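Before anything else, here's the structure in question.
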Amino acid sequence: MTSTREYLDQFANLDLGRAARSGVPEVVLAEGKTARQTVAIAQRLLERIGRVLISRVPPDTLAALQQAFADTVEWTVYSEGRTLALSQPGCAPPQTGGRVGVLTAGTSDLPVAEEAIALCIEMGCQVQHAGDVGVAGLHRLFEPLRAMLDAAVDVIIVAAGMDGALPSVVAGLVDVPVIGLPTSVGYGFGGGGVGALTSMLQTCAPGLAVVNIDNGIGAGAVAGRIANRAAAARRAYDRQAKDRGHER
Amino acid sequence: MTSTREYLDQFANLDLGRAARSGVPEVVLAEGKTARQTVAIAQRLLERIGRVLISRVPPDTLAALQQAFADTVEWTVYSEGRTLALSQPGCAPPQTGGRVGVLTAGTSDLPVAEEAIALCIEMGCQVQHAGDVGVAGLHRLFEPLRAMLDAAVDVIIVAAGMDGALPSVVAGLVDVPVIGLPTSVGYGFGGGGVGALTSMLQTCAPGLAVVNIDNGIGAGAVAGRIANRAAAARRAYDRQAKDRGHER
Amino acid sequence: MTSTREYLDQFANLDLGRAARSGVPEVVLAEGKTARQTVAIAQRLLERIGRVLISRVPPDTLAALQQAFADTVEWTVYSEGRTLALSQPGCAPPQTGGRVGVLTAGTSDLPVAEEAIALCIEMGCQVQHAGDVGVAGLHRLFEPLRAMLDAAVDVIIVAAGMDGALPSVVAGLVDVPVIGLPTSVGYGFGGGGVGALTSMLQTCAPGLAVVNIDNGIGAGAVAGRIANRAAAARRAYDRQAKDRGHER
Amino acid sequence: MTSTREYLDQFANLDLGRAARSGVPEVVLAEGKTARQTVAIAQRLLERIGRVLISRVPPDTLAALQQAFADTVEWTVYSEGRTLALSQPGCAPPQTGGRVGVLTAGTSDLPVAEEAIALCIEMGCQVQHAGDVGVAGLHRLFEPLRAMLDAAVDVIIVAAGMDGALPSVVAGLVDVPVIGLPTSVGYGFGGGGVGALTSMLQTCAPGLAVVNIDNGIGAGAVAGRIANRAAAARRAYDRQAKDRGHER
Amino acid sequence: MTSTREYLDQFANLDLGRAARSGVPEVVLAEGKTARQTVAIAQRLLERIGRVLISRVPPDTLAALQQAFADTVEWTVYSEGRTLALSQPGCAPPQTGGRVGVLTAGTSDLPVAEEAIALCIEMGCQVQHAGDVGVAGLHRLFEPLRAMLDAAVDVIIVAAGMDGALPSVVAGLVDVPVIGLPTSVGYGFGGGGVGALTSMLQTCAPGLAVVNIDNGIGAGAVAGRIANRAAAARRAYDRQAKDRGHER
Amino acid sequence: MTSTREYLDQFANLDLGRAARSGVPEVVLAEGKTARQTVAIAQRLLERIGRVLISRVPPDTLAALQQAFADTVEWTVYSEGRTLALSQPGCAPPQTGGRVGVLTAGTSDLPVAEEAIALCIEMGCQVQHAGDVGVAGLHRLFEPLRAMLDAAVDVIIVAAGMDGALPSVVAGLVDVPVIGLPTSVGYGFGGGGVGALTSMLQTCAPGLAVVNIDNGIGAGAVAGRIANRAAAARRAYDRQAKDRGHER
Amino acid sequence: MTSTREYLDQFANLDLGRAARSGVPEVVLAEGKTARQTVAIAQRLLERIGRVLISRVPPDTLAALQQAFADTVEWTVYSEGRTLALSQPGCAPPQTGGRVGVLTAGTSDLPVAEEAIALCIEMGCQVQHAGDVGVAGLHRLFEPLRAMLDAAVDVIIVAAGMDGALPSVVAGLVDVPVIGLPTSVGYGFGGGGVGALTSMLQTCAPGLAVVNIDNGIGAGAVAGRIANRAAAARRAYDRQAKDRGHER
Amino acid sequence: MTSTREYLDQFANLDLGRAARSGVPEVVLAEGKTARQTVAIAQRLLERIGRVLISRVPPDTLAALQQAFADTVEWTVYSEGRTLALSQPGCAPPQTGGRVGVLTAGTSDLPVAEEAIALCIEMGCQVQHAGDVGVAGLHRLFEPLRAMLDAAVDVIIVAAGMDGALPSVVAGLVDVPVIGLPTSVGYGFGGGGVGALTSMLQTCAPGLAVVNIDNGIGAGAVAGRIANRAAAARRAYDRQAKDRGHER
C-alpha cells in the first residue's frame, strides 16, 4: 500500500445501468473532482452511453472540457458553464412527453434551477420556465403560472431563496404536485437557504414536497420521475389512438 | 370589543371550494381545537360535502364525535381513532385509479403514515401498505417492495424515524417518485425526527422529495396529486378503449 | 435572611411613570405569577391609574380576578380570557387617532394577535382586524387588505405561524410599515414559530420589521408608537383646522 | 436551449413602478452580480428614473462604475464605496420631511448603518446619526440621544453587533418606535450577529422591532415608511397653515 | 444482580471533604431525587457537618423535610422553599468577610439568584442584593449600584433573562469582576435563557465571565471563591492590625 | 517575556510513551503547524521511535518533507500525500494479527477513511478495504461485505457522508462491532457531515458506535484497539499451539 | 379499512432470528407501547426463546408485567423496574466469557448505564461496574479503574452527562476500547446530554467511540460485540488448553 | 454627505479614561481595521498613555507597525506577532502584585491564551503559565498545577479546545476561582470551540466561570480584576507592615 492509486482504480465505477434501473441518468458532480478526473469520466460516459450531464463545473474544469471535446461533441451550456450536457452527434435524449414547469423567484435562483431543467431534459421531458416572479411583486406571478397550467404541466418545480414563500403560494393555486427547491440565497439568520427550506417544510398549502438546499439535480430527478409516470400513460393512450387510426 | 366571539364568527370559514381548486380536500386538524369546535366543523362539512377527514383527534374529541355522529354516519377509523374519515351514506370518495404505495420502517411510524393513507383514500386513490421493513433487517424489505412494483404504484411514500435511511434505500431500488415522510420517532441528538429529516434531505439516491416531520397529511396530498395526475391519463386511455370497443 | 418575603417587598415596584415616559403602559404578565400576586398588582394599578392590561392569564388567575373585581370594574375580554383589560368606570383609554391594521393567517394566530390588539387599544389607537387570510388561499387576502388601505391605517401587524409567508406578501403590496408577528403554530422542523420568524427575517419585500415569536405585546407596542406618531401630526392639523374655523 | 442568454434576457426586469407602489425605490444589490451586470442595470435606472442606489459594491464593480459614470453623474459615496447613490444632475430625491435617527454602537457597525442612511435619504428623509455609543460606556449615549429627541425624530434605527444590548437600552428611554439592526460583528458563540439578533428579539423594553443581521436596506425601508407616514400628516398641516396665511 | 439496591448503596458517597479541598460545600440537588433520598442525605450531612444546603426542592420534598426536621434544626428558606439551608443549632457558617453583590433584572430572576445568595452565605460571605433594575428602566440601576460600590463588594453577580443586557451594562460601569448569571426567562427564539447567555458571552464590556443558564449554584461558587480570596488577604491585614494594637 | 520562543520550547513535548501506554502511536496533525514545525517533529520521532504517521498534510508541508527525507526513509503515501507514514529502514510496525475491515460509501469518503487505514496499519493490524458501496446502489455492497466476513475481520469501519445510511445497513447485516465514520461530504441542510453523523447516532441497528465527522484517526484508534484485543487472545492461542507442537 | 387492527397484526413481527444473525437479542422498548402490547410481546418471546429484555418500562407496564408473570418467571430488576430481564427457569443466558467494564460519573447516569449492563449480561458477558467517579473528584476514579484493568476487561463503557469529560480522561489512561455513553443529565445550554455528546465527539484522547444520548442499549450492543469477539478467541484457547490437558 | 470621512472622524474616540474607570486598559483590536488605522490609533495611545496593547494583528499590520515604531518604542511580542504590547521607554505597567495562573491544554491554545497573558501583564499582574497539560495525558497536569498553587495564584485561566475537559478537572482540584477559556480548536460536530464552550458551561465542578470562544482578552480582563482585588488587600497589609516597621 505505497500509494492511493490502487484504491482509485477500483473506484468511481460508473453505474452504467442506473438510467435503466432508476429512470435517472448518472450525473457527474464536477465539484470536488480534478479537471482531469472529470474529463476522463465524461470521456467514458460519452463512449458508452453517448451523453453525459456534468454539474457544478469549476472554471478550470470547463476549460479542460472545452479543450478535450470542443469540436467533437454537441454542447448544451447552462448558467455560463456551471452545468453542461455533452452528447455524441445523433445521441439526443429520448422524448418521453413528460411536462415540467419551473418557476424561479429571483435571478440568483437560476443557476440552481438550471440543474433541474438540464436533468429533466436529459430524462426526456419538455421544460417550461418563468423567472423573477417572487412574492415581493406577486402581480408578476399570475400570467406565467396561467400559461404553465394551459400547457398542462405534470409537475412544477419552484426555486426560491430568502423567505422561500413562493412555493407555498404556488401550491395553494394549482392542483399538480409542486417540488420546492430552496436556494442558498440570503444572508444573516436563516441565510444560505435555511430560511427558505424551513419555510417550505412548514408550508400551510397542500401538495408541496421539497429537496435540500441547492439540490437542483434532486429536484429534477423527482420531477422527471413524476412527469414521466404521467407521460407513460399518455403514450399508451397515443399508441392506442394511433392503432385505432390504422385500424379504420 | 368586549369579547372574542365576534372574531371567532368571522373565522374558520370552511374552504368548501378547496377540493375542486387544489385536488385536495380540507382536513380538520382537531389538535388545538376544542371538542365542540371540531364537532361543529365536522357537522357543517358533512352537511355540505358529505364527507370529512379529521386528523390528530384527541381522546375527548373522539368521544364527542362518537356521541354526535355514532349512528348517523359511516366511520373509517385509523390508528385507534387518531385519524377519522366520516361520511354520509352514499358519499364514498370518487375512485380515480391513482395508485399509492406506503412503506413504514417501524410500528411507531404507522400513525403518521395512516394520515397519508387516509388522505390518499379521500383523494380517490388505491393504497397498498407494507410495514416493519426498516434497514436494521433489510431482508424484510424486498418481498413487499416487489409486490408494490408488480401492482404498478405511481408513487411510494416511505415513513421512517430515527436514522431515516429507508427512503434512500427504496429510492435507489425503484423508478417511481418517492416521498420521504420523517416521523418523530427517536430520542437524543437528532431525535424527534430531526435526524430522519436530515438524512432524507441528504439522500444520495435520485428521485426522493420530503415533507416535514410527522406531516402525514402533507405526504398524502403530494402523493395523491402525483398518482391522480398519472391516473387521469390512464382514464383517458380507458375511455378511449371503451369508445373503441363500442365503435366496433 | 430567613425568608424571601423581604426580597419580594422590594420588587415588582410598579413603573407607574412608564406610560408617560415611553408611550406604552405597563402590561402585567400573569404567566409565572401566582393568582394572588396578579390580583394584588391589578388592584394597585386600578387604584393609581384606573386601568390595567393583563396578558397570558391562566384559568385559575382568571377565576381569582373574576372573584375580586367582578362587579366593580369594566371588563374587556380577549381570547376567552387569555388577555384582559380592566378599568374603573370613566377611565377609558385616551383616543389618539392612531390607526392600526391587524391581519391573521389562521385561527390559531388569533390569541397572539389579540395581545397586540388589546395593547394598541390601551394606547388609544383604533384597530381594524381581518382573519383567515393565509397564503394557502390568497384570494381571501385582497378584499380585507383593500378595506384596510381605504381606512388609511398607519401600520399593519401581520400575524402568521408555520411558513410565515403572509407578512412578505403584504409588505410587497402596501406602502405603510408592516410589523411581522410570528406565532408558535406548526410542528416538526422549524415548528413552534421558528420557521415563521426565519421566513420573516429573510423577507425579500421592503418595509417589514419583526418581533419575537408570540410577542403580541411587543408588536402592539411598536405599532402603537408608529400610529401615535402619525396621529400626533394629524391632531396638530385638526387643532389648527379648528382654530381656523373659530377664527373665521 | 444551448445557452443561458435567452433566460437572462427575460430576467432582472427592473421594477420601475416599485417606488410608486411601495414607497421604497428598488436597490441594486451588487454582491453576486458581475461588474458588467451592475453597470448595465445602473445605466438603465439612471436613464429611466434619474437615480440609483447600489449596495454591497465589490471593489471591481466600484472601479467599473467609476469608469462608466465618473464625469456624467453625481456621486454620494458611503463606507468607502460599499454603498453608492448615483443621480443625474437635477434629480435629487424628493424631500418628504420624514426624520430618522440612527445610532451605532461601534465603528464596525457603520457600513451596515450607512445602507439604512442612504436608503432613508433616497426616500426623502432627513437623517441624524451618532456613533460609538455602545453600552460598554453608557455615558457617551445620553448627549446624542437627547439631541435626537430635541430634533423630534420619528423613528430611531439602532445598529449593534456582539451583545446587541444598545437597542433595548434606547427603547427603554424614548417614546418613538425603535428599529433594531443587528450587525455581523463578533466571533465565537453567537458571533456573526446571531447574539445581537437574539438579544434584540428577547428585548424587555417596549417598542422595538428588528430586521435581519446586516440588513441595513431593510431597516432603512421600514424606518423610511414610518417617518414618511408621520411626515405626510405634517405636510398636510403645513399646507393648511400656508393656505391660512394666504387667506389672511 | 437481581435489584439496583446494591448499586445504590455504593453511590452518592457524600464528599465530606469537599469544602476543605475546594472551598465550596457540597450542595444537595433535590430535583431528580425522591423525597426519601433527599431526607436521608440531609440527615447524614446534618449529623456529620452540622449544615446542609438543598437546591431545587420540589413541593413534596419540602413537605417531607418539614416533617423530618421541623423542630430540630434551624431553617433558612429562600424562594418559598425552592432553596433551603438547614443547620444544627450552633452550626452557623464561618464569617470570612468576603463581600458579594447580587443584582437581578426582574422578579423572575430571583429564584435563581437566591441559589447564588444562599451558597455565598454558606461560604461565609456577606451578600448585598438589589432587584428590578433591568435595562428597560435604567434609571433604577444607578442608586443600588452606587450603594454596592460604597460597600466595597469584591464581585458582583448579575442575574438576567430575556435580552441579558444588564451584565454588560454593569461591567462597563464598575471595576470589580462581574459574573453573568443568565436565567431561563423569556420565550420564543432565544427563549429559555439562550438569548441571555449568548448576549453575555458576546459582551463588549471588559471583566465579565458567565455560568450556564439557571446555574445559580455555579455563580455562587465562583463568586464565593473570588470574594474569599480577597477576604483572606484582608483578614491577614486585620490580624496584623490587631497584633499591632496588642503590641502597643 | 519579549517573545513567544520560550513558550514554544516547553511545548509539543512528544509523548514518546503513548504507544506503550495507550496502544495508539502519537499522530502528527500537520494542519495548523508550519512546514518547518512538522519536519522538526517528524525528525525527532524518526530518531527516537523509527516511525511517524502524519495526517492532514498541506501541499507545502508535503514538499518540505520530501526535501528533508526523500532518500533516507521509507514512504507510504495515502490520498495523494494527505496522510503519510515514514519509517527508518527496518522499522516496520509490529504485526499484531488484528483484522480491520473498511467500507466507503463514495469516492469522496476515501481520504478520511485512509487516515483510519493508515493508523490501523501503524497499530499492526491487517486492513481490508472496499469502496463505492453506498445505499444508492445496494447491490454493490453484498459481495465485498461477504468477502470481509469470510476474512473474519474483528471490526468494520464504515465511512459515509451525506445521508450516512450505510453504517446502519451494515450493522444490521453482521455480528462484529461497527464503527461509523461520518465524512464532511454533502451540502445544504445537514451538510458538512452533520446529516451523516446524526443518522449514525440515530441508528436503529444494533452494534454501531461513531466518531466525529472526518475523524479518521479516531476511528482507526478505536478499531485498532478492538482488533488488537481479539488478536492478543489469538496470539496466546497460537503460542500455546506452537508450544504444544514443540512438546510433542 | 375500517380499523387499524388489520395493520397491527402484520406488524411487530418479532425478529426471532436476530440474536443468531447479529449477536444481539431483540430488546422490547416498552416506552410508546401500551402495557397490554408489551405483555403480549414478552409472552411470545418467553415462549419461543425463553428470555426477554424490556427497557424503559413505564410504571403501569411494570404493574401489568408483575401481574402477568409474577410467579412463573425469574426476574432481574434494574433501576427500580425501568429495565427488566425475564426468563423461564433454566433459560439463563449463555456465558461467553466476554468482560465489560462500566463506569458512571454520577448517580443520575445509573439508569442509562444499567440498560447497557443488562444487555451485556443477556449477551453472555461478565460486567464490572463502578460509580460516582466523575471529574469533579478525580481521586475517586483511580482505584476502581485499576481494579477493572486488573480484571482484564475487553472494553469499558463510560456513562456521563453534563460536561461529559470522564470518557476522555479514561480513554487517555487505558489501552482497551472505550465506549462513551452520554446521558441526558444537565440543564441550560448543552443540557439534556448535548454537551456530554459534543464533548465526547470532540475528545482529544485516542480510542473512544460514542453512541447517542441515553442509548444504553446501543452502548451495550457494541460493547457486547467487542467483548464477545475477544472472548471467542479466548474460548478457542481454552478448548485447546483443555484438549492439551486431556492429551497428556 | 458625499463621503464617509466626516463620520469616521467622530468615531473611534479613544476611551482614555477607561483604565481608571474599569481597571482594564483599552485594547486595540487590529482585525477589521486597516494597517494605517491601527498605526494611527497606536500612535495616539502611545503619546497620551505611553503604552498600547494590540491584539489579532494581521501580518501586514505587523509590518506597518514595525516600520512606524521599530526603533522608538519597546516591544513585547506574543504568538509570533499576533498580540503586541508597545511602550514608551520608562512606561512599564504598574506592578499590582496580582497573581494569575494560566494553563493550556495543547499548543494550538497558546495564541489565545497569550492574549490573556498579555492583558494581565498590562493590568500589572504576575503571570505563571504551563502548557500541554490536556486530559489525554493527565499525568502531565499535576506537577505544574502544584507549582501554581505553591505560588499562591489568585485565579487560574484554563484554555482548552476540542472536548474542553481540562477546566472542569482543574476546578475540581483547586480552591481558587477558575476562568474557562474555550478555543476554536477542533473540527466536525462541536468544532470551532463550540464543544469546548458547551462542556465548560456544563461543568460538574464548582468554581468555574467562562468567557466566549477565543476571547483571550475577556478572560484576561476578568482574571486581572480578580487578582487585583486580592492584591489590593495584600498591598494594604504590606503598607501596614511597613508602617509598623517604621514605627518601631
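Each chain carries a letter (A, B, C, D, E, F, G and H) given by its place in the written order, and its residues are counted from 1.
Throughout what follows, a contact is a pair of C-beta atoms (placed from the backbone, for glycine too) under 8 Å apart; a residue touches a chain by one contact, two chains touch by 3 or more.
Just so you know, these numbers come straight off a predicted model, no measurement behind them.
Legend: contact pairs of C-E compared by residue number with B-C, A-B or A-C; the interface matching in over half of them is B-C. Centre-to-centre separation between chain B and chain G, using Cα means, comes to 38 Å. Between chain B and chain D, the centres computed from C-alpha atoms are 47 Å apart.
Averaging Cα coordinates per chain places chain A and chain F 38 Å apart. Of all residues in chain H, those touching 2 or more other chains are 18, 137, 171-172, 188-191, 194, 197, 201-203, 206, 212, 215, listed in ascending order. Here the touching chains pair up as A-B, A-C, A-D, A-F, B-C, B-F, B-G, C-D, C-E, D-E, D-H, E-G, E-H, F-G, F-H, G-H.
Interface of chain F with chain G (complex): residues 21-24, 154-155, 171-172, 174-179, 197, 201-203, 206-212, 217-219, 221-222, 224-226, 229-234, 236-237, 240-241, 244. Residues of chain F that touch chain A in their complex: 75-80, 107-108, 110, 114, 117, 121, 129, 131-132, 137, 140, 187-191. Contact residues on chain A toward chain C in their complex (touch as defined above): 105-106, 134-138, 162-165, 168-169, 171-173, 186, 188-191, 194-196, 198-206. Residue ranges on chain F touching chain H, taken from their complex, read 1-4, 7-8, 10-13, 15, 18, 32, 182, 184, 193-194, 197, 212-215.
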